[in-house]
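Next come two complexes, and both contain subunit A; in the first it sits with subunit B, in the second with subunit C.
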Partner chain A sequence: MMKAFQDRNIRASILLGLALLVALVATLRFRSQWVEEPLYPSPHLTEVRMLSEYHPPLEGTPLDTELYFFDSGVPGGTLLICGGNHPNEPAGYLASVFFLENIQMTEGRAIVMPRMNKGGFLHTESQEAQLQRFRIPTPHGEREFRHGSRVTSPVLQWPDPTVYVNPRGIFWDEIVQDHPEMTVGNPGPGQQTLAGIDSRNVNRVFPGHPRGTITEQLAYAIVELIRQEEVNLAVDYHEAAPEYPTNNVIVAHERAADVATWAELLLAGDNIGISTDTSAINLRGLTHREWGDADPGVLPVLLEAPNVAQGRLKGRTTEEQIVEGRDLAYERVQMIQTQLNERLAERARRLEERGRTPRERSRRILYVRIPEGGIHIDVRTARHVQTTMRLVESYNDQMAGPPIGVASIPHYDEIVANGTGYYLHGPEGEPPAGSNGEEN
Partner chain B sequence: MPETVGVYELTVFSVMVAAFFISAFAIKLPIGISMAIGAIAGIVAGGHLFPLDEAVRHLVEGMFAYFDPILIIAAATIFMFSMERNGLLQVLTSWTLRTFNRAPFVLLAAITVIIMFPGMLTGSSTAAVLTTGALMAPVLMHMGVPREKAGAIIAMAALFGMAAPPVNIPALIIGAGVDLPYVGLDLPLLALSLPIALATTWALAMPHMDKAATAESARQVEAGPAARHGAKLFLPLIVVAVLMIGERVYPEYIQLGLPLIFLIGMGVALLTGEKVSVHKVSADAMKAALPILGILMGVGMFIQVMTLTGARGEVVIQSLQLPRGWTGLYPVIGTTMPLMGSVSSFGAASVLGVPFVLALPTGPEEIIMNAAALSSIVAVGDLMPPTALAGIFAAQVVGEKKYIRVLRWCIIPGIIAVVQGLLAIQFAPVLAQYLVRIGG
Partner chain C sequence: MIMWIYVLIVAWFLYLTVYNLYKEEKPIHQVTAALVVIPLLLRLLGIK
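Right after this comes the complex of A and B.
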């Protein structure tokens, strides 16, 4: 055997065979992520359309995605709910699925887009060592959901440019004409440069381009949807690593700032701590910025909740990281931050005693406190759901547009107490245990 | 303080490192294979071997992390070999020496900027070494610069080119991690790269400059038979330069990507000089490039498994525990970033650069200065073994078999570059006033 292995051709053949076997096993595993998990809309669904109706070249491509319409039949405004902008942010996806499977409109209509970037659901990011799926228990059994990447699969769009330039020029003339105030501090067309990989991050390529890359066309189609369907309030769900400063926050276009701030106060009454950030004018390509600039009729907001599984400090990859939001590494960081701040305070005191100015008095490594036991996906999903409900309430209170009425959505406390799965269909489409209405 | 240390993570990491060292130095397997064995050892020690197809998926996913740089390196090496074989290199050396032999100080400055140029455009030190670095290598050596020092000059200039504006990929990656637009970085990056690049070349080369010897050398260097092809011999260089610049200036029209640009350059080289066999030049180039391509694949697997087992997070956590200053965070930045850069400077920018920039003051101008400084420090990682991209290829273009001999001369400039970056962080508030122009 060893003698045979010393022969160059035999050795090459054995190694080649081994490489092919590895390639086959890996291919089957990667391909398994291309299988979509079923979603079960609430019985109040009125219509399903494809996004390509708003930009036909998208038809038949893997990025064409379902839009679920829930029309109350009563005149009113239009609410757009988006999940899966970044498929590695599972509570964002789950919150949109939660609405999809429970929503009932009483005034106006809702459009739910649970898989905004289907191209991100097809793969996981290299070097992030993520799982491909996670499970949510329901009273009828476990539901599986895919855990993807924040960017479109390179199989669909490749190679990345060295530097990505956002194509925002397409609506520039309208902005100059209709909203000259928005040109102040605004980098303008062809001026926003980003890392090359962001060319596949749909939340950096808005407002997209009708003849651009497939991700730019996806972004363009979404903007067309917002414009053609005259969306009034648009909510985009995300999650962020605990060390990322924009966390537990509503990021609002300046026109949506009042609605968001009032919702923040209403959420304080629910014991949900959240803050409002106004969308930066010089960081282009994001939903809360470009949707609002492209369509003066829409109030766009983006919601962030903390997720340890996408952090740079994360520990060993486990399903608990995603579902229970628990990670011993982050618990250690919490402890390290406390000890570091004690040391810094003591150091600052000593320096001040000697008449010197300390360089650093305290440091935030984490922008979210990770409680013992983690931040469960039920809590993160419930935050998004409750924030959406309060945003709708705030929008109606302030008469920010035609009224929007949403019924049949459980409160934050109920979702946390019963678990998200209690309100989802079973793995075979069994009705949710927490369902209020009749079934399809 | 044992409770702040991840025992599991560090144990697995130790096993990975031990497996790598045993494979590389005891069994003397190639570095790339040894990295892969380290990764497999991590999977086994971390308890991630089953399900087996999931373990294989992680290894293959990691292997693809540097797929784009692998293509760039392969194509650039083929381009370099074709320029050498068709006679261009010799003609250019002869012409440069004859024209500039009386002004070595100016010539050395010009050589530095020429070597930096592809790195400035592409953000890749490898692209710089294998293109203009390869062109300037014989010029430097004919001027009397010893082989090892010529390699060091090329490696350092390429590395500073990678750190120089307009394209600094680590800065883009750090910016993407903290939502910092790629604006206002040009002057800080130029200040941190160009002066030190020129100083390095002069310091290494000037002691060997002897005008009479250079003039004598210029007389002796024959242009070779390729001179009969005249100006058209330079066409491959012109085509590659035009396409590289075109991609930056007109990204909406030219998006070929570096690998294709280099292959087009090779195609032109085949038609414009001495007869070259496509098969032979490609095979020889791939033979030369294969070890480094293997290292990049092995490194990708290694980092993927570090992330999978939490070892990557642990490295970051342990790096963030110290207060700012020369007795705390700065030495940690100065050592961990280049060290992790030894595996990948882009990976280090993402994994360490983002937490570090958040651990430093985050005022609007200071954060830009700090991001620029961190990106210049991380670039030094391209000199660190085992990958040592800049060093390995610089040794190759000057014909030095042991790249450590080249790296020896890079140690002092490398340390100065790191200290310069740390000083820029220390004096960021002052420097930012002069160097950072965010604009309207």
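Right after this comes the complex of A and C.
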């Protein structure tokens, strides 16, 4: 045996065999993420369509995604609920699944798109050692959900450019020719440049382009869906690292700012602290910006909740970190943040005593307070669900468009108390009745 | 088109790596070449 190993060719063949074995094991592991977990729509589902109906070249590609229609049969507005824009933001995905499996419309209709970028569900974040899945306990047993990446898999779109320019910057003349309304109140093509990897981030490539990259075509199809289905209110779910300033926030297109601000006040009544940011006009390619600019009839908003698993300061990724939102490194950072602010406040007090004006009283490392025990995925999901319900209520209160009626959605407190899994379906039967009977 | 050019480049590097795996004299160099085969193969087959 040892003698055989001394032969260069035999040694090379053994090593090649081992390499092929490792590649085979890795292949089985990576390919397991291409298997979609089952979702169980609410019994009030009226129709399932594919996104490729709005842009046929997407048909048969891994990015073609399901659209679940819930039509009340009563005339009214159209609500679009989107999860999975960034598949590494699990509460965003789970909130859309929550609506998919529980929604009942009483006026108008809802379209639920739980896996906006299916190309992001096929792999994990590169070099981040992220988990492929997380589990949620339900009365029907544990359900697994994929934990993907914020960008389309490089297997589907490669190579990345060195610098990415949004399609508005390249195809502006063509876009304006097809949709002259996009010039109203708009700063023009813009010269925004982004990192090359953002060419695969669907939330940087809107309004997309019919002959662009596969991610740009996905974005184009979504914009066409909004235009053709005359969507009135569109909600896009996300999560963010605790050190990211846009957190616990509704980011609203300027036309949706009134609806969002009133929803913020309604949420204060639920003891949910949230703020409203108006979408920056020069930050191109995002849902809250481009959907509103592409279709003057839609009020688009984007919701953010805090997730330690996405942060730069986190420790080793574990399932508990994703589900319980708990991380020892972040708890330590929170401790440093508290001590830092105490010292700055003390220094400011001493300076004021001497008649001088302090330069700063606090300094932010984290934009969200991390409580002991973390921010559980149930809390993050419930925030998205309750915010959506209050946005619908606000939209109706302000008569921002044809009325939208949503029933059968539990309140934030109930979701947090019972857990998200309590309201999810299983293959064997219905979920427990969780409706508070309240209509919005 | 650009995707096909990319696939050809990866295939070429894979060929060179396997060629070196058999040509290298020192075992440590052969191990290195064998390790490089894994990502190139996964990329070529569109796995990851």
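In this text, the second predicted complex is superposed on the first by the 377 of 440 C-alpha atoms of A that agree within 3 Å, B and C clash if a C-alpha of one lies under 4 Å from a C-alpha of the other, contacts with A are read in each partner's own complex, and residues count from 1 in each chain.
As a working rule, a residue touches a chain if its C-beta (ideal position, glycine included) is under 8 Å from a C-beta of that chain, and two chains touch if they have at least 3 such contacts.
Keep in mind that this is a model prediction, so the values were computed, not measured.
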First (subunit B), second (subunit C), both or neither touched by A:A329: first
Touched partner set for A:A345, first subunit B, second subunit C, both or neither: neither
Contacts of A:L313 with subunit B and subunit C, given as first, second, both or neither: first
Partner chain in contact with A:V48 - subunit B first, subunit C second, else both or neither: neither
Which of subunit B and subunit C A:A417 touches, first, second, both or neither: neither
Partner chain(s) touched by A:L265 [first = subunit B, second = subunit C, both, neither]: neither
Which of subunit B and subunit C A:R11 touches, first, second, both or neither: second
Superposed model, subunit A: greater residue contact from subunit B or subunit C: B
First (subunit B), second (subunit C), both or neither touched by A:E128: first
Partner chain in contact with A:P161 - subunit B first, subunit C second, else both or neither: first
Residues on subunit A lying within both footprints (that of subunit B and that of subunit C): 22-23, 26, 30, 159
Of all residues in subunit B, those that touch subunit A in their complex: 1, 3-6, 8-9, 46, 52-54, 56-62, 64-65, 68, 71, 121-123, 166-167, 169, 172-173, 175-176, 178-179, 181-183, 247-248, 251-252, 255, 257-259, 300, 303-305, 307-310, 312-314, 316-317, 320-325, 347, 350-351, 354-355, 358-359, 362, 440
For the subunit A and subunit C complex, residues of the former touching the latter: 8-9, 11-12, 15-16, 18-20, 22-23, 26-27, 30-31, 123, 155, 158-159
Interface residues, subunit C side, partner subunit A - complex: 2-3, 6, 18, 21-22, 24-25, 27, 30-31, 33-35, 37-38, 41-42, 45-48
Interface residues, subunit A side, partner subunit B - complex: 22-23, 25-26, 28-30, 124, 126-129, 132, 159-163, 165, 184-185, 187, 190, 192-198, 243-246, 280, 282-284, 311-317, 328-329, 332-333, 335-336, 339-340, 343-344, 347, 359-360, 363-365
